[in-house]
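In this document, chain identifiers A, B, C and D correspond to the written order of the chains, with residue numbering beginning at 1 in each.
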Amino acid sequence: MTLAEAAEELVRLGTDFHRRGWMLGTSGNLSVVLSRDPLRVAITGSSIDKGRMNPGQILEVDAEGKLLGGTEGRPSAETLLHLEVIRSAGAEAVMHTHSVWTTVLSDYHHSRDGFAIEGYEMLKGLEGVQTHEHREWIPVVENNQDMSALAVEARAVLLKRPEIHGLLVRRHGMYTWGKDLRTAARHVEILEFLMEAVGRRQMMEPT
Amino acid sequence: MTLAEAAEELVRLGTDFHRRGWMLGTSGNLSVVLSRDPLRVAITGSSIDKGRMNPGQILEVDAEGKLLGGTEGRPSAETLLHLEVIRSAGAEAVMHTHSVWTTVLSDYHHSRDGFAIEGYEMLKGLEGVQTHEHREWIPVVENNQDMSALAVEARAVLLKRPEIHGLLVRRHGMYTWGKDLRTAARHVEILEFLMEAVGRRQMMEPT
Amino acid sequence: MTLAEAAEELVRLGTDFHRRGWMLGTSGNLSVVLSRDPLRVAITGSSIDKGRMNPGQILEVDAEGKLLGGTEGRPSAETLLHLEVIRSAGAEAVMHTHSVWTTVLSDYHHSRDGFAIEGYEMLKGLEGVQTHEHREWIPVVENNQDMSALAVEARAVLLKRPEIHGLLVRRHGMYTWGKDLRTAARHVEILEFLMEAVGRRQMMEPT
Amino acid sequence: MTLAEAAEELVRLGTDFHRRGWMLGTSGNLSVVLSRDPLRVAITGSSIDKGRMNPGQILEVDAEGKLLGGTEGRPSAETLLHLEVIRSAGAEAVMHTHSVWTTVLSDYHHSRDGFAIEGYEMLKGLEGVQTHEHREWIPVVENNQDMSALAVEARAVLLKRPEIHGLLVRRHGMYTWGKDLRTAARHVEILEFLMEAVGRRQMMEPT
């Protein structure tokens, strides 16, 4: 995949996610691996408005997050977290969305370090899951402006639970990933659905 | 109706239901009878992304679910459940949607095997219902990855309550049907409305 | 206004209200006065799908609801209620929508015969209201399949409270009206907003 | 920026905010500074329907709100409040939106004169905020039909808390602003997200 091809796809996805309320304002980042050796990644630049994206705002970075290509802006600090997920989870694409439901649930379940989603058919939309009886753990890590520290924490979570498909950062939304752009984008849709379902389910019987 | 005509209609409906959040990711299936003798059915293929459907993904199957036509993919395991509803309910079209509200309510009411919706004018949008005083029972069956077993359970429910217009599978969404595609699609809209209304009504007075 | 002009406007409004979830399936009706003497009214026909409206489905009726024009279908039974509102409220256009929030609130407040909305700035979007300190009573009448009986009840409510801008029918949505089509359509938007706001407000502090 | 350029931008924003439910009916106003010395401001006219805006409805006013340009209508009474924010907050653009969540929260928190939003990453979308640990106070002032009095109250709030990015008027929505149109529009999106998130968060654990 060339940077130009990646840029077109990421702009399309980002614009769609903005419309659906999952990447409002300048929130969220999307990335995709262009090559593995050496590692080259296309990623949304820092502080771009997801409702007005253009392909020039998609940047090419190396394994350390150094800027190699793109015509506008600079890499976001969150680039480090994307690179960590690409390495630790072996992901080819990483999506950081920031919806209301992931924000609410990340706060509600923070003191328990996360929560399980179990028994939902929609879980089968996650790569490799064959049955609704699957138990998906959704880790919640504390938010941190120090992205190196947050990357270290994400790595620890991924080492401990390599089977997960996503994680929440407290009051900061979700990271999910996949073996290609289409899979990662599907994981966004699946996990957003599940978050809304378990959130509303709980509101039927508040405790 | 030819396979090509059916494919065009099912793609249109699936794309609309995806946009409305009722068939996210690869969830849901839609089918319509092409002929009765011998039975030929057009149905969405396995694991297709409802946000990027194309007519080639609509397959033709026979009474046992064997693939007869279509250019891409293979029949979903849920084809068996569609065929069962076509036989047991005498349906010409079957819609399996998977929305947040049907998921939440199917879980909430599961231990009671279902719930009644009564006194709502919108019930008159269901075929044959003449008054809001109608009492519509919404059965909830346990989810099962064995589609033959789920088909047997659906048949038992339809034998016991032939007057129903839809059923929920626990944490797996809704099946509804009709005498033609337009009626089945209207039943989706009517039942989704009713689910949201009774769900929110309960949230006004949580117990 | 000619029938053709009215049909174009009513199709545009109905399609928009369907998209917003206020006239799903075949629910809801819209009408506008074409002439007063003799009374001629354009109104949506019976059982038309609001997601697929066409101008031929808009009918012309007289003061008794007798069909005078239009190319497709027949007048809905609810025509009688529209004609009653046109007479009793002196309305030039009547909108019957059927949203989730009006359905939920009409049920919740039914035993009190209605509820007041007071202190909301959005009330000033209702014709003649000059301050948010206005107290708008929203009557709720019991649903009835006998439209003559429902028309009699609506007339009684309008005689007793001529200052109201809309009323709810229990578990059946809302009627609102105005001095022209644009005013009536604005009243739909204003009242739908207020219903959602008071509904969610109550859910912040359930009792 | 000329009046014509401002009109084009304000119509685009207003139409988008209407579609998202933040400026329904005739609610809300948008303004942008055309020049500082002398002060010239472009602002949406009184009582215009935000779903049918056209550039002629954007008016030019001076520092006292006197009409200088525009082809249709007259300045809204709320022009005074926009001018006050332009002066007191040094804003170049002011957005008054009127969504369900701002309406609900302004009422819920009114007796405490406001509420704090703290610990949310989305806060960083507000100009000058560098960390989610930021504590943003959202003042709530009582609604008033006397716009001069409301302007005085807004000035007092802005003098006391010059660091704020927005304020709520009870049951009347939100005012936010920025150093240019794009920043002010981003603040709308950011604050609307935060209101919905803290509103739903509270509904998970109603008190």
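To be clear about the criterion, a contact is a pair of C-beta atoms (placed from the backbone, for glycine too) under 8 Å apart; a residue touches a chain by one contact, two chains touch by 3 or more.
In this text the structure is predicted, and so the values were computed from the model without any measurement.
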Those chains which touch chain D and also touch chain A: none
Type of chain A:chain B copy interface by residue overlap (half), same or different: different
Most widely separated chain from chain C, with each centre as the mean of CA atoms: A
Whole-Å separation of chain centres (CA-atom averages), chain A against chain C: 44
Distance between the centres, which are taken as Cα means, of chain C and chain B, whole angstrom: 31
Residues of chain C whose C-beta touches two or more other chains: 203, 206
Interchain contacts, given as pairs of chains that touch: A-B, A-D, B-C, C-D
Chain B-touching residues of chain C, taken from the complex the two chains share: 21, 24-27, 49, 51, 98, 100-101, 103-104, 107-108, 143, 145, 169-173, 199, 202-203, 206-207
Contacting residues of chain B [partner chain C, same complex]: 119-122, 125, 130-133, 182, 186, 189-190, 192-193, 196-197, 200-201, 203-206
